[in-house]
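The structures come next, written out as structure tokens.
The two complexes that follow have chain A in common; it is paired with chain B in the first and with chain C in the second.
After this line comes the complex of A and B, so read on.
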């Protein structure tokens, strides 16, 4: 029973994060606006919400725009159904910024915000509404139960955070374990340490592939392509290549002692270079789409709200524990196989 | 230790001089690949293309040159060297030797590359800065490739394994080097490039340290 608690713990954490991560609803938010440009004068637009309750909370519904310090209330609006509002805005020319932020508020959903929702169109429209009254612009959180933040562009894919990021954490951890075993092997010439290093690298490679796959899916839905030329992405790809080369090296030498020593040397060299490539190098450049790199905010700066944190940290811990467990099993299996081969 | 390093380095240099076809073959390799590039492109007026092509040619020539540095040692000679010198001096001597070869090679490469493919892109470049980049590149590549070459030689494999092992490892260095060299060709000021230079020096020093620590384990057979 001893030594089992962390395995049970990490299994529970992973199951918890998978279930909550996939089942918890997304908070209400504004999905799209059509058209995305406002003419000077009056423009009627359709606002499409996601998981929103426009019709259920029609009495408390408020719609307004901000531009710099200025606030523009909807000239008139009509709630179509729970996810659609038809609103007319009247704007004038002398405003400070080109883009308007859109706010929609009601008692059920709280305040929904779409930054840079509308571009100001220079086109003048003759209709000049005469009614410009101040409206209520309440910013409030509604009490609506557990849900993940609804970010523009990210939308539902924000759940991927709970799978993509922990897989890289687990990969770095298990590669560090492999690095440690390689040092032990070189210092004490213990073949079992070398086998452990190889098994750890094998498990690490599995997590690297999971990280790449989840990352590619995420990139497809947020950036529009399966792969973009980006420091962080290329770094991850090269890290994977380095460990594939590690296995090529292992299998290219027949003599067991020699293969182990060569692999140990390469593993130590490769791990340091991989850390440079994955952890240091992407942060040096200013040209990256990936969060946490080159001036882009990482998730923990403002996107990661408390609900997401509640699942994200357990997921990271759980995945790390899981990777160690998989490594342990793989290592034990490998040892048994070698013993069986000897007999 | 330094007299030992110097002696091994002198021995390697003497061998090189005696078999002059060895250095000649590397230079010929550069010459032919530049010629192929010339036939394919005629003239390159575009800085990024010029820069990328130049470093790719240098990279493969460097792999060729470094692969020889350990493969040349027969196992008998290696055993003899093992009884005489400490592994640390062997790897330091090899690094210095490789750096010299690579320096000659890159300078020669730069000369004929700009001769054949056009010097239009060099107009903005500061000559001293360009020489500095070339030296930094030769030094860094030789350090990183020396250890990889030792690995490949110990595995009794040659260029194939070396490319597989070396390319991913050398990429961070190479990408920073190419960016720096492009900046220098564009005539950007030192203030922009300083951070790249420090990164390259840091990676080179780190690689020397790792080679120094790790090589003894390869040497012990």
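After this line comes the complex of A and C, so read on.
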């Protein structure tokens, strides 16, 4: 059992994160509005909710819009069912911004918010809008139990945070292991350390490919494209290519000692470049679709949500453990192979 | 260490994600499925890719170990 505890531990953490990550409900939210434009005068729209309880909580329902500092209440609204409201907004005033934010509040769901829900159409946008009497609006969290935040566009895919991001964490950890073994090899000329560095980089590449593939699928159905020209994405791709080049370099030199030495030196360069391209360079850029650019790590947008954090950190730890475990298996296998070759 | 040994992990990930990539151009069925139920099927696809890639890597490792075992017993 010795040496097994951390493997069992990471397996438990991974199982926990997959289990809770897939089963915890998504908080109520506003999914879509139709049409997404408001005209000068009266406009009737259908508001579609997700996991919402519009009908159950019809008594405490409130629907309103904000535009800059101004608040516009629904002129009238009708609850169709738990996920649909038909609302009419009557707006004649000058407004200050092109987009309206939509709020729906009730006692069961709390306050649901859809930013930039409506585009103004044929209205006066002026710097000095008419003042409007604010209507009754309540912003409050309802006691809903455990659930993940319902973000516009992301919806259920926020769960991918628990599968896509930890693979990058695992990749960075295992590349650090590879970096460490390369230093050991260069200092003590130990060929087994060089082999370990190569094996670690192999496992790191597996997680890099997982990160790229899962990220592409996620991007396709939320941003609408497999790849967008974004520093975070391009940085990750460049980092992956740097490590692919590491293996090209290894296999291009025939002499074993020389190949190991060259690869060790290149690996140190590769690790530093990987950190620069994955951690530093994306944050120097301006606006990005990918969360975490221009701020700290990749989850500052969700930082406030304790429920997500409760699953995210164990997922990161668990997948880091899994990557070390796979690396260990790979390395033990490789050692056997080398011993077999010698005989 | 050979560049050939990298091939499995690349092949695994490509094989896993290729059906999704290919189907996306073939019309709206996949698009509709992926966007239904709050896009939960995107999560299903992502988890599937993740698990298949890890399992595929382990299977490749297992096969190489098997070959090693066979080689060893042959020598005896």
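Operating definition for what follows: the second predicted complex is superposed on the first by the 318 of 343 C-alpha atoms of A that agree within 3 Å, B and C clash if a C-alpha of one lies under 4 Å from a C-alpha of the other, contacts with A are read in each partner's own complex, and residues count from 1 in each chain.
In this text, a residue touches a chain if its C-beta (ideal position, glycine included) is under 8 Å from a C-beta of that chain, and two chains touch if they have at least 3 such contacts.
All values reported here derive from a predicted model rather than from experimental measurement.
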Partners on chain A (chain B, chain C) - clash or fit: fit
Contacts of A:190 with chain B and chain C, given as first, second, both or neither: neither
First, second, both or neither for A:248, with chain B first and chain C second: both
Contacts of A:221 with chain B and chain C, given as first, second, both or neither: second
Which of chain B and chain C A:26 touches, first, second, both or neither: second
Winner by number of chain A residues touched, once chain B and chain C are compared: C
Touched partner set for A:343, first chain B, second chain C, both or neither: second
Chain B versus chain C as contact partner of A:330, first or second or both or neither: second
Cα-centre angle that chain B and chain C span when viewed from chain A, reported as a multiple of 10 degrees: 80
Smallest separation of CA atoms, chain C relative to chain B, angstrom: 13
Chain C-contacting residues of chain A that also contact chain B: 248
Residue ranges of chain A in contact with chain C within the complex: 18, 22, 26, 31, 50-51, 154-157, 159-160, 163-164, 167, 195, 198-199, 202-203, 205-206, 209-210, 212-214, 216-218, 220-222, 226, 244, 247-248, 250-251, 322, 326, 329-330, 333-334, 336-337, 340, 343
Chain A-touching residues of chain C, taken from the complex the two chains share: 1-3, 5-6, 9-10, 13, 16-17, 20-21, 24, 34-35, 37-40, 42-43, 45-47, 49-50, 53-54, 57-58, 61, 64-65, 68, 71-72, 75
Chain A-facing residues of chain B, complex: 147, 151, 154-157, 161, 164-165, 167-169, 171-172, 175-176, 195, 199, 203, 206, 210, 214, 217-218, 220-221
Of chain A, residues touching chain B in the complex: 186, 238, 241-242, 245, 248-249, 252-253, 258, 261-262, 264-266, 268-270, 272-273, 276-277, 281, 284
